[in-house]
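Working notes, beginning with the structure itself.
When the chains are written out, they are named A, B, C and D in that same order, and each has its own residue count from 1.
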Amino acid sequence: MTDKLHEECGVFGIWKKNGQDASLDIYNGLLSLQHRGQEAAGIAVCNTYGERGNICIHKDMGLVTEVFDEAMLNDLQGNIGVGHVRYSTTGDSTIRNAQPIAFQYLKGTLALVHNGNIVNASDIKSELLKDGSVFHATSDSEVIATLIAKIRAHTGSIEEAVREIIPKLQGGYALIIMSPRKIIAVRDPWGIKPLCLGKVEDGYVVASESCALTSVEAEFIRDIRPGEIVTLSKNGMASDTSMCTEKTSHAHCIFEYIYFARLDSSMDGVGIYDARFRGGMALAQAHPADADIVTGVPESGLTAAEGFAHASGLPFVRAFHKNSYIGRTFIKPTDKERHSAVHMKLGVIPGSVSGKRVVLIDDSIVRGTTISNLITMLRKAGATEVHVRISSPPFLHPCYYGTDVPDNSQLIANKYSIEEIRSRIGADSLAYMRLEDLSTMVEGAPICKACFDGTYPTGGTK
Amino acid sequence: MTDKLHEECGVFGIWKKNGQDASLDIYNGLLSLQHRGQEAAGIAVCNTYGERGNICIHKDMGLVTEVFDEAMLNDLQGNIGVGHVRYSTTGDSTIRNAQPIAFQYLKGTLALVHNGNIVNASDIKSELLKDGSVFHATSDSEVIATLIAKIRAHTGSIEEAVREIIPKLQGGYALIIMSPRKIIAVRDPWGIKPLCLGKVEDGYVVASESCALTSVEAEFIRDIRPGEIVTLSKNGMASDTSMCTEKTSHAHCIFEYIYFARLDSSMDGVGIYDARFRGGMALAQAHPADADIVTGVPESGLTAAEGFAHASGLPFVRAFHKNSYIGRTFIKPTDKERHSAVHMKLGVIPGSVSGKRVVLIDDSIVRGTTISNLITMLRKAGATEVHVRISSPPFLHPCYYGTDVPDNSQLIANKYSIEEIRSRIGADSLAYMRLEDLSTMVEGAPICKACFDGTYPTGGTK
Amino acid sequence: MTDKLHEECGVFGIWKKNGQDASLDIYNGLLSLQHRGQEAAGIAVCNTYGERGNICIHKDMGLVTEVFDEAMLNDLQGNIGVGHVRYSTTGDSTIRNAQPIAFQYLKGTLALVHNGNIVNASDIKSELLKDGSVFHATSDSEVIATLIAKIRAHTGSIEEAVREIIPKLQGGYALIIMSPRKIIAVRDPWGIKPLCLGKVEDGYVVASESCALTSVEAEFIRDIRPGEIVTLSKNGMASDTSMCTEKTSHAHCIFEYIYFARLDSSMDGVGIYDARFRGGMALAQAHPADADIVTGVPESGLTAAEGFAHASGLPFVRAFHKNSYIGRTFIKPTDKERHSAVHMKLGVIPGSVSGKRVVLIDDSIVRGTTISNLITMLRKAGATEVHVRISSPPFLHPCYYGTDVPDNSQLIANKYSIEEIRSRIGADSLAYMRLEDLSTMVEGAPICKACFDGTYPTGGTK
Amino acid sequence: MTDKLHEECGVFGIWKKNGQDASLDIYNGLLSLQHRGQEAAGIAVCNTYGERGNICIHKDMGLVTEVFDEAMLNDLQGNIGVGHVRYSTTGDSTIRNAQPIAFQYLKGTLALVHNGNIVNASDIKSELLKDGSVFHATSDSEVIATLIAKIRAHTGSIEEAVREIIPKLQGGYALIIMSPRKIIAVRDPWGIKPLCLGKVEDGYVVASESCALTSVEAEFIRDIRPGEIVTLSKNGMASDTSMCTEKTSHAHCIFEYIYFARLDSSMDGVGIYDARFRGGMALAQAHPADADIVTGVPESGLTAAEGFAHASGLPFVRAFHKNSYIGRTFIKPTDKERHSAVHMKLGVIPGSVSGKRVVLIDDSIVRGTTISNLITMLRKAGATEVHVRISSPPFLHPCYYGTDVPDNSQLIANKYSIEEIRSRIGADSLAYMRLEDLSTMVEGAPICKACFDGTYPTGGTK
């Protein structure tokens, strides 16, 4: 039903000196990262006290609250651990690709979680296959795991092996590896995927977003640097910056700011709520509308709508009530009643829009189905005009770094002009954010905006 | 975790000339009424085509989406039906008390759903027991059912029996009865509980709230009048107003406007969103605050916060992100970590409040636990002052009409002065809406505000 | 898949002076009675210690092991209780008709379980409806409950009320009633349905079959007499025989001996294993076969086959292995492969039958589908001749006392002559037990054999 | 509760020219092999029609009927496939070790199922780890898979790779490999584990036992020879016997005949029912008893009891009724009531044993707990003497070929003399089958009886 792009994953790792309840922290962390992936969840923990730690793992298809109950968490005893929430495209939606993945290799056991996509994964895999490796799943994670094992066989430490793989991996990734004694976190040299570091009373936490640090009452320390390797162990936190890159080559994913990340997170120094609010302001300045009220599509368009209202001086009003009881198991109306699915999820507040000229803000248009239904609903409730403003540029190019995008043929901006789109969705006017305003949104931070302009930071692979 | 009052039920009924899919409409209607009760759900349908309709029923503990799947709905074939969502206090949380209830009596079969509470139910039950009646559950609904059956044995029609019971029932109720041919809806003579009427292409709908009419694309006709009996049958809609009361004795539940009803509903002529917005405006005028921003507790305080911002000229800012993936099955932290439960559900957006004097709006305070945690979270995120404004008067008296309220000993307003409450929750200032502003909120409509002033519309029973 | 008649229920009751774990005993008792009904199970318990006992109840569709788990049993705290397993025909297969049923009436609360069928239930129900009673289910049990409540309103004790209903109820029944202080068991005056009494260390047990007494390590005392009312309370066991009938009017259900009851039970003085063995012997004497081996259909025909072998001097050999992992959820082959369903459940042991003339024994033929498949399988495995012997007479008449029988049109013996049946099932010879040998089977005990001869013990109702 | 040894697995494979329903055949085959493993089940299928077949797989913990439903089978579209049922010791009871395992390697994709144990698996695994391999589970199957992949990288065909691994694997195994085009079945050179071949209308079947052939209406062709590699493909059936061994080195697992295999199976030319019957006869001749009746422990001792009765001339009588509704989820009595668990599962038929001297036959004694309870039950039911006869020699040595045996300390025959065992279990006399009679049981076939005599066919590894 949702006409949105999808993130592929969220990762979380923790190293605590004491206690056996790392799994509960990871559970809370994953709950806070649930918006990054709703198809599978998993936790692996280990106890560093004993002679040689045993890695315990549980993962399954479903939401965090579906995969884990109290008894399950109690079974996962350990003071360190990693966790993962996964979104996956249909073809790969199988328990085999769920994470963490754990594996035995020459020097012992490792568990691994990762968010992102390795552009040259199939080349690496081919090399490994020629060497006699076997693969049980289809994920990049298994390729990374096998590569680490291979390199680790002839290096002095797991950190060294991780350092060696960085130049081999092209793409965006946030990777957390757990050995029976350590947690090792690494972020791609472009900084495409987010990863941040926090401090709890007796240890450290790494997570995809800062909101996950807050959920375990960790203090935010800083974002992990592009190319940095952070090791958490009984010796505290150690940082290896030898693979770090210059800021000029950084390219943070702009869609984290536009839609993926949680409103209360902050990434690479930029607050998500603030970024979206600024985006709305820029949109108002570039594409003002002669209207009575400003409203947003819940939840994706609300913050930009507030920014638009602030910059334009028009009142911000909520025009839709979102029914929070309608989840994935909702019996959808049949095709001929497709509009009803939106109907059930979002109810128009008639008093807000009746007799009004409405500015309707959303963060993006992928297929255009939802916005079209919402415009119809607004008009039926008495809106006299509907001016649509989108707080991102038209989405034109595929993403190779782990964001699930539909076929080009399904991307409305790829098939039609803006005027044609306006006409198809039934708006009185339609405008998208200008490419140059993306920079305003993130206050000049270096961004990957390949999906809008086709320029890929990892170079000419595609 | 939520420090809120609870509604006890939502009801829905439909009569359609054609088709066999009344159950799908009821399912959609109940989804829209889910906020009125999350512990049990049920649907009963009947087919008026055949010789003598068979009532089919399914009900169970759980949310609408948990109780019903597509196969189940397909099994419930019929062109007329009733549905129910139930909230219940712990003692009664059993499938035996779930609704609809269906029963066989001298003249055939009936099904019944009801929202509300009959104050004199135990007196009526005693009379029926002396007559040899047996009861299988503990709900008021079964008492009403048995009373109707008793009276119907000597009256000419089911409508007559319903008319006869109205003077016997003291309390607030919205009642929908299904015979194998008709749907009969009745609202208590005080109009305490809401009930409204809508039109679909080939029939009629009745529901607790207008948002449920919208969900099945019904056109809103009007609210059912206090004491009115509406009959839906192959003869269309018939209204019996012989038991209707004067407007001077009407008393609509004020808590529907403050908190229970959905933002996109309208009740007895007053839009819920507008009422809450006006409430926030009145609050700003009565109790202004010297502050930088206005924010609300999601979702309960947001609309009043917008109204407060509008009236005060202060900017409205969102300070909390609500995690929509945390539902009932979330593993709650243990008591010593109670604040964490709120932590997990609501994340502070630091950029919104850091260095700011904040006005925090909520609709009510019951025990005071949640608001206290939120204030702590705001301060931790850098808020310099927190001024709490509550968009309803202090809650002091029990409700006998079907709203579940905690023991007096748990009501913070019953134990402490406003200054003591302010100090306990850690606010810089605290103010409640004035009793006289409730009328402003509903634009002068007659209301039951017994929970605030102790004056009960049904008289001196308590 | 099974071509068998079905019993409708098993009942169990217990009164213990001490402890709170009656529910565990009832659970074990019901497990032992599971063969009498597999569609629903339920337990109600009460604590006689307190001021006024509260009846706790749990029941659901499914096997005993599916309906109850350890947590559930622990929640059912009490020292007395009743339990029920139910088989029901499709139309009534609903949780509403599951037992125990509990109800509130003028003098307090009762729970009730029953096995059997009241022939004049609809007449009694009509009387009660005229009096204003309502019914929530379609079972005889609710009629009995309402009748007891009605009578109890003007009698001095629940036992008196039970005594008054006995002359009103026509049919076969075993009834156990629990008041908050007592267990009252009553058996129909014809003794059609079985019910027996046992002694545990600190109390008493009543159950449909003696195997259920053994399962809770109770000592078998005796069968309850036709028409007897047994009361278990803090005063021990009391027997009211005022409604007992003469032995000449007794009529125990012959199908308990032929098929329903468990092999290790004993009923009205006759061991089930012995009866079936004697049945097989009588069959051998009346209808000998010129064959090499004797075998039986597992499990229904095995004991009679052993008796036949003993009397005939032919060796008893097992020809089929029964796959105990194939239960109700087994994915059945489609219709064109119907023989495969039997194939999956029963595997032929080729060495036993290859080149042999086989006598194949079963207890009865209802539709004839299974036996026909088994004969084909035996021939395929090399049997040269198959002589079928049935250890009961042809089934010709319906049962009105609680045994579920298919329509006349589905009863093979009603449509075809014995020779035609032989030909249809593909046997070399076919013979049924003679009517007069039924008496031999039960050593002259008085029996109801209406399904074979059409003579109904309760008189000319049908 | 059961005092039995456990088999570790059952395997099934099918190649059919037409259709897409191989999964249904495999489902039926696995149902017939369910007695070989009840902890996990899995099916992998492939479609040989298309360009390059995709292997689809589903496996989970639980019984076949729990793991698969109709929708699941329909999703598994293919004309060839393999299936597996698994028994596993507690430590390994995880979904990670469930089979089939599927993996990608240099030349494509393979799926694999196996029954048995590789004695030198850890040596092989060490070699592979040194080479950089990683392992995701702890099963022998993954070691075999990785070894095949390694060898296959430099061989011309998968069959060649299989031929190369045979000399490397020490132990008992039945292995079925599926490539996207072929099914390859191989049996260990000692023939320790069973594997047989059958013919369906348009293809071939391989399975652990012949009863699984019957279940899919396949015609039994023959047992696969020790060391033989059978390939099923569009070219029909091909046999590679180059690794086959002489009959003198064959050693079929004797426990298949004693207990593991199904009564209606035949293995290496010997029918299971016949073998057990002969075993009982031999037992009667070696260790006669002065008694009145012979009975067996259901189901394990029944056939030997029939053989004993036949040879001794004593009547065979059933003394126990087995409750087939008590499965794995049954709430077991607490330790102090341990005898009750047997009580619930097996009920004594009093008429059979009262006043009798009983010979009680079982196939083996592992811990001695069950037999002791049964003897007590028989005496309580009136048996005057109980003479126990065991249709196998005392179990003294561990099995390294995939049979799960308890610690030596739990094996009663390892701790006590026969007279001490007799006294502990409370029998009047006790005798085990003589070692030399094992050969009689299997009519001279070469057997592995290491668990009785400590002589291991694969040599001096242990």
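Throughout what follows, contacts are C-beta pairs under 8 Å (C-beta built on N, C-alpha and C of every residue); 3 or more make two chains touch, one makes a residue touch a chain.
Note that the structure is a prediction, hence the values are computed from the model and not measured.
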| item | value |
| --- | --- |
| Each chain counted as touching chain A and chain D at once | none |
| Copies chain B and chain C touch via same or different residues, half shared test | same |
| Furthest chain, CA centroid comparison against chain D | B |
| Distance between the centres, which are taken as Cα means, of chain C and chain A, whole angstrom | 61 |
| Centre-to-centre distance between chain C and chain B (centres being mean Cα positions), rounded to whole Å | 49 |
| Rounded Å distance, chain A centre to chain B centre (Cα mean) | 37 |
| Where chain D touches two or more other chains at once, by residue number | none |
| Graph class of chain-chain contacts, one of line, ring, star, complete, other | ring |
| Pairwise chain contacts, counting only pairs that touch as defined | A-B, A-D, B-C, C-D |
| Touch list for chain C against partner chain B, complex | 95, 101-106, 129-136, 138, 145-146, 149-150, 153 |
| Interface residues, chain B side, partner chain A - complex | 24, 27-28, 31-32, 34-35, 38, 63-66, 68-70, 73, 211, 214-215, 217, 262-264, 266, 271, 273-274, 302-303, 306, 310, 315-318, 320-321, 323-327, 329-331, 340, 343-344, 347-352 |
